[in-house]
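One chain, chain A, appears in both complexes that follow, with chain B as partner in the first and chain C in the second.
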Partner chain A sequence: MIITAILTALVSACLGWGRMPPGPLGLLSVGLGLLLGLLGRHEHGGALSIDALAQRSSLGGVNAVLKFWGSLALLLLCVLSASALPGLALALLMGVLTVRGGRVPLHDYLSLLALPAAFLLISALALLWSWGDSPAGVLNIPLFGGWLSVSPAAQARTALVICKALGAVSCLYLLSLSTPMAEIIAVLRRAHVPALAVELMYLIYRYIFILLDMHRTMHDAAQSRLGYDGFRLSVRTTGSIYANLLARSFKRAGACFDAMESRCYDGEIRFLEREKPVLPVHAAAAAGLLILTFGLSLLAF
Partner chain B sequence: MAKKWTKNERRFVGVITVLSLFLAAAPAASAMHIMEGYLPAGQCAVWGVVCLPFLAAGLVGIRRTVKNQRKALILLAMSGAFIFVISSLKIPSVTGSCSHMTGTGLAAILFGPFQVSVLGIIVLLFQAILLAHGGITSLGANTFSMAIAGPIFAWALYMLCKKLKVNRKVSIFLAACLGDLFTYCVTSLQLAAAYPSEAGGFFASAVKFLGVFAPTQLPLAIIEGILTVVIIIGMETYAKPELRDIGFLEEVG
Partner chain C sequence: MRELLRLEHLSYSYDDDRAALTDVSVSLYAGQRVAVLGNNGAGKSTFFLCCNGVLRPSAGDIYLDGERLGSKNPDRSRLRRAVGLVFQDPDTQIIAGTVEAEVSFGPMNLRLPREEVRRRVDDAVENLQLEDFRTRPPHYLSGGEKKRVSIADVLAMEPELLLLDEPAASLDPANARLLEQNLELLGRRGLGLVIATHDVDFAWRWAERVLVFSGGTLRADAAPERVFADDALLKQCGLQQPTLYQVGRLLRMDPPPRTVEELAARRTN
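Now for the complex of A and B:
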């Protein structure tokens, strides 16, 4: 992941230019780049590593309704706030809560955090640089008879956006790394999301695993027959595997429907949900977090 | 003719080349999902509201289909799972970077744009929670660009090509590839609307976002187009009955 490292170093150098002496800034940028480059090992091992981690989380016993609406409220506070403070605080707190409280391995958590890095870094470049008639910024490159420059205002805005995004992603991870999908869907059903959509969600979630399984078999079969030898062949193989996957999934759907119909399926699937009462500790923790974040976002004004 | 380049021109071409090489090889893990917390709250709400009529139309359509034929629900669910699965898998790429198909064009061609809107928002929610692509606050904006605007464009283009009797493979390729590019343009415009640049405003910002994402999105769109052609031709050769089930082959017979 050399590219992620270089991009990170580039963006952090642009962010800090003119605010820090070049020496330490250079060191900091290179350090950050190396850190993210090492962490950002984009593993595709289990296609659904988040799902596996959520099933194993120690926070699995916490009431799902509380987790869902709590994380969503924190997320909203983070997005609504005008300062970077709530974002940074949430990134830290949610990280500690997920890693210590939920016992998600630290390395897994950090490499998940590096996932949205591509989007964040590339769009940060667009936010930082702008083209104008005069070299108005702290960092200027002549271009087209004008100047491509980084202004202090753009630096501040980009830093704010990055902090808020980090905080928001941490809130999302607290939810997704501690709550299995089935429980989230149950919360949505209680929130009166249309029954048809809830039904579709349950079925889609189930079928994802069937399809991933089918795909793995076909992929291994193709690979053992040199199906991915060279770019042209890879594209061809991938395309035929996807076509076959879709065709087989439709055949499978027929079988599934027959099986469900023979078990009295009448358009509604209900699952037995284990009751997880809201413990006072959990409620207090959620309330504390909300008050803290709210307070921090008020501090900005 | 062969005038010497000025220093600035050379520097410009150099910078752009280096930059595009970087970005083209960047880990483009579906770089066009707007990430969680990236949009201001107002924009999130606006895009969510914009999506509602399309979703309502989609739900009503699906409900009607399901009432007539209950098996359709299972087929739709399988299709949704299929879109999710192909968007989570790596596809071959020239630069060795990690890219994923979006499935927008494929789904629109197979199922029509309105059903795709409902499937799309579910798939995007799953992607946000299970794959950390996109997010809950940016769900509305992502749904609009990837599950509404892109599919409608791809589908309209496909229908237009069919009317004009363009070669089938070419029309599938065009619909998928340009549908992808259209999605990327819409997303760039959404980002520009959220963060207009101080100097040039909305348009300058749009050009910037289009520019930085172009190196990752252009090759992706072409590969997506080729893959979609291979997939649909493959389906037509060995899954005719299933295609008839979802109403794709009606007119072909």
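Now for the complex of A and C:
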């Protein structure tokens, strides 16, 4: 989180250099960094908390088909657009929708956003700075007889990439923070994704948690016997835990198959699905968002 | 009582040299409450898997409603429809992402019409008080709740005979009591219940018939009074007399009381 905050301040300073007076720019950059650093929360197990948050989301009652195809369409519009506007607007709107509409705590949302943001910001630095013979940019640092510089073109390009990526990530987060995995898989099944892929998704989703649980108990048991006392021991313990995990998984797979057979499994996994109705207000909101994003992306031409 | 399932001279071995079940002959009836006792590795789980048609016996015959079943798939499928099996660890059984989808897995496999599946899922969910968990993923449930899901799973297939493999293992006392109440309800609806257990006290107060397994063979098949009176058998199979049975004998009560309430009532009379 702290790294992301520092990166944010750094990147926004580079982006705004030469376009804004240094004073306000410095304040803005440090402010953005501080905001992220203070509001976000450092925590591990992102995937787990996404699952838990999706369960509790107030947007859980919205039809999953609408959410899935709606966010996918918005994502496509945002990525294909030539301007940064749709991305920026979506990042804000989807963020508000997820945090306000879905009642996802702001702390959690920001710390989830920090995961992809860290990658994005590092790439942004690489995009911004280029090495050349002359100090051609708005910001230049002499280095090894040449110049590291930020050109206005690079600033524009980086801003576009950041906005698009943020918009796309926010669309995905709206979907994944408001829709339990089982519902997303059901949408895919109805979209005629091959049965084998869908069944694997169901099983993988279920067994992720069983494996995690198995791993946690083994890890705790090893720790209680001082298995992580020092680097060499930790490496060895980790190795034997993973070996054991593999063996137990195989055994468990056999038992699970027996259990499925005992309930008349015949090679095809089918579940009863209960559909949530599409409410007019939800449909209208989705249509509004689509029209707005489309309009914004047209503005660029 | 109507005979549902009959095994004749049934044997099963996982490897060629290690027999898990040898020459087991037993009949199971509709509406009967049967406890299966025996220490670890005695063959209880293998017995259940054979009764349910998951394992193909290496020798012997299985009769369902008096009709001999072959080892072909349609016959095994008939067996799985009539006999439901609840596994010891709910996590081996649960595969779906929500409780409701999970309970629907069995009925969907029976190729029932959608309305019928819905009705059965609703019934099973209601019977095991799982209404609040319908859309919850299984990994957010407690052990007792998962156990109830795994029972609902099988109940939704509406079997005539229900086999439960150590259902009370790893349940806390409150959940174990709840489980017993659920079993009572199921028994009253005429479902045949067969429960593998290590808890002789439970077997004594609940069962009307006891099967004792040891080393892969069926050592006894009798009323609880007779099984627990046989000291030599209990010793050989590593079993103990139920506490209330011992108390009853000390107090020279014949037959010994099944419950504490019965003990109290008979003492005051």
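Everything that follows uses one rule, which is that the second predicted complex is superposed on the first by the 286 of 301 C-alpha atoms of A that agree within 3 Å, B and C clash if a C-alpha of one lies under 4 Å from a C-alpha of the other, contacts with A are read in each partner's own complex, and residues count from 1 in each chain.
Going forward, contacts are C-beta pairs under 8 Å (C-beta built on N, C-alpha and C of every residue); 3 or more make two chains touch, one makes a residue touch a chain.
Everything numeric here is computed off the predicted structure, so don't read it as measured data.
Contact with both chain B and chain C is seen for A:Leu203 once the two complexes are overlaid on the shared chain. Looking at the shared chain after the overlay, A:Cys256 reaches both chain B and chain C.
Using the contact criterion defined above for the overlaid structures, shared-chain residue A:Ile122 touches chain B, although it does not reach chain C.
In the superposed model, more residues of chain A are touched by B than by the other of chain B and chain C. By the document's definition of touching, of the two partners only chain B reaches A:Ser234; chain C does not.
In the superposition on chain A, A:Glu273 makes contact with chain C only, while chain B stays out of contact range. In the superposed model, A:His192 lies in contact with neither chain B nor chain C.
Within the superposed three-chain model, A:Asp51 lies in touch with chain B and with chain C [touch as defined at top]. Of the two partner chains, chain B is the only one touched by A:Ser151; chain C is not. When both complexes are aligned on chain A by C-alpha atoms, chain A residues 51, 181, 203, 205-206, 210, 252, 256, 260-261 touch chain B in the first and chain C in the second.
Listing the residues of chain C that touch chain A in their complex gives 49, 52-54, 77, 80-81, 84-85, 87, 89, 91-98, 100-102, 104-110, 114, 117-118, 121, 135-140, 153-154, 157. Only residues 8, 11-12, 15, 22-23, 25-29, 31-41, 44, 59, 62-63, 66, 70-71, 73-82, 84-86, 88-92, 94, 97-98, 118-119, 122-123, 125-126, 128-133, 135-137, 191, 195, 197-200, 204-205, 208-209, 211-213, 216, 223, 226-227, 229-235, 238-239, 242, 245-246 of chain B touch chain A when the two sit together in their complex.
Listed in rising order, the residues of chain A touching chain B in the complex are 1, 3-4, 6-7, 40, 42, 44, 47-48, 50-51, 72, 75-76, 78-80, 87, 112, 115-123, 125-127, 129-132, 141-145, 151, 153-154, 157, 161, 164-169, 171-173, 175-176, 181, 184, 194, 196-197, 199-201, 203-208, 210-212, 215, 228, 231, 234-236, 238-240, 242-247, 249-254, 256-257, 260-261, 267. Across the complex, chain C is touched by residues 51-52, 55, 180-182, 185, 202-203, 205-206, 209-210, 213, 252, 255-256, 258-266, 269-274 of chain A.
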